[in-house]
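Notes follow the structure.
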């Protein structure tokens, strides 16, 4: 009996490893739920650590392709690493199922038949928050992001849907530790709301300090979902209560897949799942669906592509639909951090987008 | 080689302060000391002589516990100190003015004297007394060790050893680099120390001067004792002077 | 052939280590500089050799102002020095130590390609110089295994190997035993036969047997200059430096 | 810009500087005084923060800080006796690689014990209300950090410059053998001081934890800043580290707070928005390069040490 | 034995792809190329650090600058030779400028100023949109001859092997020349070297530039190996890694760069395969080596050599 080989290359050590580990755990859980079989074939996953370094990622990917001859690749968290390994993967014609990285290049002009994304296009959550903040009609929003292209993209995404007044657009250092200066500026500028994107540790630093400064009660803070998910809540604690954020997935989504995922994830790993875990889970579901559709016949390129493009299954956030550029077309929800019992979690408080298509899809001419 | 016999008339042996027996040692695989024996009596001033590279400094380092002895025994004040660490040796009452001064560049003159001051053995030496001995140091007391002239550093090294109020003071080329007047100062000071009952082991190239200062002399040649005796015997013995090739 | 200090001043903060020193070292032979500890002798050597820049005043080498010329520049003009506290390459063999110095005066050191080990003449000259200072038997030993006295000899060898016309020697006898001191005196005499040597030394026997002229530095100032005999009998010098035992 | 805001930003700068000083103080003590380059310093900082985060929910913040300090000091002492003491006599480079190895090990051990995700640590309730200063309110907790930084600075300066222990330490740094030959028991002394340095790391970790993410590897980027501070000040000088950290803190904060404003006042706001933070990111490195260019041994070169 | 070593190594290098193919481990050809490229950069650092005694903690700056220069040139359509020249030249210029500033300082201050200069470059690359920010620049593999491009594993491997051999040969000649003698003298006793009449700073600067240029060359090769230039090539982690390799290999022993790279990358690769906790084991092994072989693995070789290599 054949098996389906999967290369899972992710950030499993170093400061960014929290995300990679969550995604991996979610992926593993799905594999277990499927009885270690995708469409009847045994699942054989090899994990490797990219150390959040582009060249290490490229090497790991090459190894998976050339040595392990994998049928699918997945796992990369960070978009800059994705872009570094993309060409290698596409040249080898191995389908890649992205469980997090959603660079605009691959959504638009560089879209590729071997790239499939179950998570989002990077701008999605920013856009959703832009739309929600717009709907609240704030008079003056303070925008803050780190000074590098991804930071600027985030604010561009936000402004694509937010058309109101921008109190200020401020760029911070990459990997910034202390935000006292920025917080003082914000306080002095008296905006009606603050939107920021700060990746990784800087994000946690910012929220902790914003809360510590007592500003959370004075000026509401809006964040993209990945800056206010279970991992961040665990790190910051109850002072986060009240923060709004947007996400394609929430703990409370009432479909069976999600219920089972959340419940078992908690049981197995003894922590609340994050959206990275949900995305990892979804990636496995997509692969399973495709293999099922192919009836185990993985060799055929065109058939594989068709199977992945047309896969229909219930993901952790409901029925999954792949767009023409291989990025999901999905609903995006509004969440708010709240106390539930003696736990602090993200509550689902609304829906911002229904069947949202990303902004780059138009530019994609899929070959 | 066998030590030239010191004459039997040198009197009954005083209780020895330091007694070195058949000492072997060196640096790693390089053997320098080949079975060295000598003794320094209480209150005695003892000179260790020999040409360059004969093992005088190595002997001192081995006494201080800075080099490990390969075999042999060092008794100090009745206790075996052969295997002790340098700090334990100092605690027993040895102090050294090392070859090459080795003052601490990042400590001021005053700090050298405060930091290592040990109150014991009658508590004779204090920073104040050291300044009396070397007024020049007093002028420079706030200067760092590195800013001192060569001679000033030498004075400081002596002061630093005295301040531990040792039972046995070891001076390895303590007058090196000192101007004649200053050198005289040191000799004068050693004479005073000697008169006050301080035991001293001294290494110096001014053999003539040592003859007026030291009670006993030991000459080293290639890590072995080749001659021992008192100043009068040294004065008289031609073979001894050959070892020193003066 | 002349080395001249002209109104040299060097201040370390408030301390005037060199105060308006005028000194002239000329022709072959030994010019001794003596003075109490801390008088500023080493400082003067540092100023003359270019290790320190003067606060004011000039250093003239063969009539040319070299005050702003760096140490390598002065070596190229034939001025070398030894160190009071020996300064050598402890991990290198004696031979390599000296060869390095020979190399400095025999062709460019910006040669990247020829293996230096093939330059036999460097090592031949090094061996000659080792012979001259009495280190032949130690030629292939690492300098770290030399005794204190031998290191002094090596220090002199390094200076000699750079073929100086002027040699500044800062206490070459310090730490040498009687025999070695004697050898060093011979060596300096030989060196000084064709070169100009400024000798700093506290060993008065050596100074008076070698020097043609003697200058006395006290508190940064030259208080006397003259022939050895004149200096020996100068009461000022006796009071400041020599003490009684060298009188007459 | 209103004067109050300028004052507040200055205070922010001082505060950020003292945050760095808490870490830099221990670093300069170990690095300048014991002549040991310790890359694992950041790991001890991390351990301090994790221990505080672990104890705080059970015993409250301040007792947790005390426990973390004691715990980290014990770990430090153990580390010194088992490994670090073999490194003093070695070259700086050997120390770099060995302590880098320790850092890898510490990261992995912490990950095994606490997991890969960041853990929570909040400021104590008692310091949650801002204090009214003339002109503006300021976080009580950040004021507390300022006080702690000043206290640590004064204490260390006294220890190193005024006490005999400090003199022994400095002597040992320049010439270990001679210091032993003067009767100083360097072994236990260094264990003690290393533990003290570890304690300072723990204090820094505990106090910064409520403001910064407590996660694996948290010590590494901040360690670089601490090194910058130490080097600007002059290695081994507590005073230097203090002034250096204030300079870095104020420059960094001012760069972020004022530079974009000034640049846009000069013209193109678009350019200012991106040039400002770019300059701010490298400002402290420019400062360090400039200081070392004109004063190659830092602002306050410790006497006689290289 | 000692004379034969380089030739044995070269023979092994030439044969390696065939051996790997025979073993069915073709994937490791590309891994071996990476080792060769990184070893070139590490050996260049060994020239500065090991022989020159200057601990440069900003070596990634020259490595990364070479890479970015090559990527920019490639985007303009320049071929491989132009990229090599351009990358090496840019790094040499950069090393000249940085070295000129940094050589005023010594010891730990030198470590930190080189770090600072490299960090500036890093932040420049991260925040500059025209350099691609975090994502960096992508480039397509250059043509070597005819149809063969450097995208081919073997072509890349042998290209890297040629340049590593060349680089090591240059370093060997430099180290054993008159110039190299002065470089080492300045490391062991700077004051005396000045007093012997050597222009120490100029010599060190030239040596620094040679090292920087070789690192730039390695950077160019790196872009061809990986297909991109990105900020992590400039980061302090990268500088640190080069340093670790040289120290592990044995500072100032000729093979330090190669040895350290093989061992460190090999360990990471091997341990990464068998356990997720690889950093723990890498750490333990490095610590063990440093405690028991403090002068680095290269010093083990001197057990067999009569002539002692000199280490600072």
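We call the chains A, B, C, D and E, going by the order they appear; numbering starts again at 1 in every chain.
The rule is simple: a contact is a pair of C-beta atoms (placed from the backbone, for glycine too) under 8 Å apart; a residue touches a chain by one contact, two chains touch by 3 or more.
Since we're looking at a predicted model, the values are computed, not measured.
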Any chain that touches chain E and chain D: A
Interchain contact steps from chain C to chain E (minimum; 1 if touching): 1
Relative to chain E, chain with the most remote C-alpha centre: B
B-D or A-D, whichever has more C-beta pairs in contact: A-D
Distance from the mean Cα position of chain E to that of chain B, given in whole angstrom: 52
Cα-centroid distance, chain A relative to chain E, in whole angstrom: 36
Centre-of-Cα separation between chain C and chain B, whole angstrom: 30
Of all residues in chain C, the ones touching two or more other chains: none
Residue numbers of chain E (touch at least two other chains): 123, 127, 279, 312
Interface hub residues of chain A, defined as touching at least two other chains: 13, 147, 174
In contact (per the touch rule at the top): chain pairs: A-D, A-E, B-C, B-D, C-E, D-E
Contact footprint of chain D on chain B as seen in their complex: 64, 66, 85-87, 90-91, 95-96, 98, 102, 104-108, 111, 114-116, 118, 144-146, 160, 164
Residue ranges of chain A touching chain E (in the complex, touch as defined): 12-13, 47-49, 53-55, 58-59, 62-63, 66-67, 79-80, 83-84, 87-88, 103, 147-150, 152, 174
Chain B partner contacts - residues on chain D that touch it in the complex: 164, 167-168, 170-171, 173-175, 177-186, 236, 302-305
Complex contacts: residues of chain D adjacent to chain A: 2, 5, 8-9, 12-13, 15-16, 19, 111, 115-120, 122-123, 128, 130, 139, 141-142, 210-218, 221-222, 225, 252-253, 256-257, 260, 273-274, 276-278, 280-281
Chain E-touching residues of chain D, taken from the complex the two chains share: 31, 37, 83, 86, 90-94, 96-98, 100-105, 107-109, 112, 224, 227-228, 231, 235, 274, 277-278, 281-282, 285-286, 288-289, 292-293, 296-298, 306
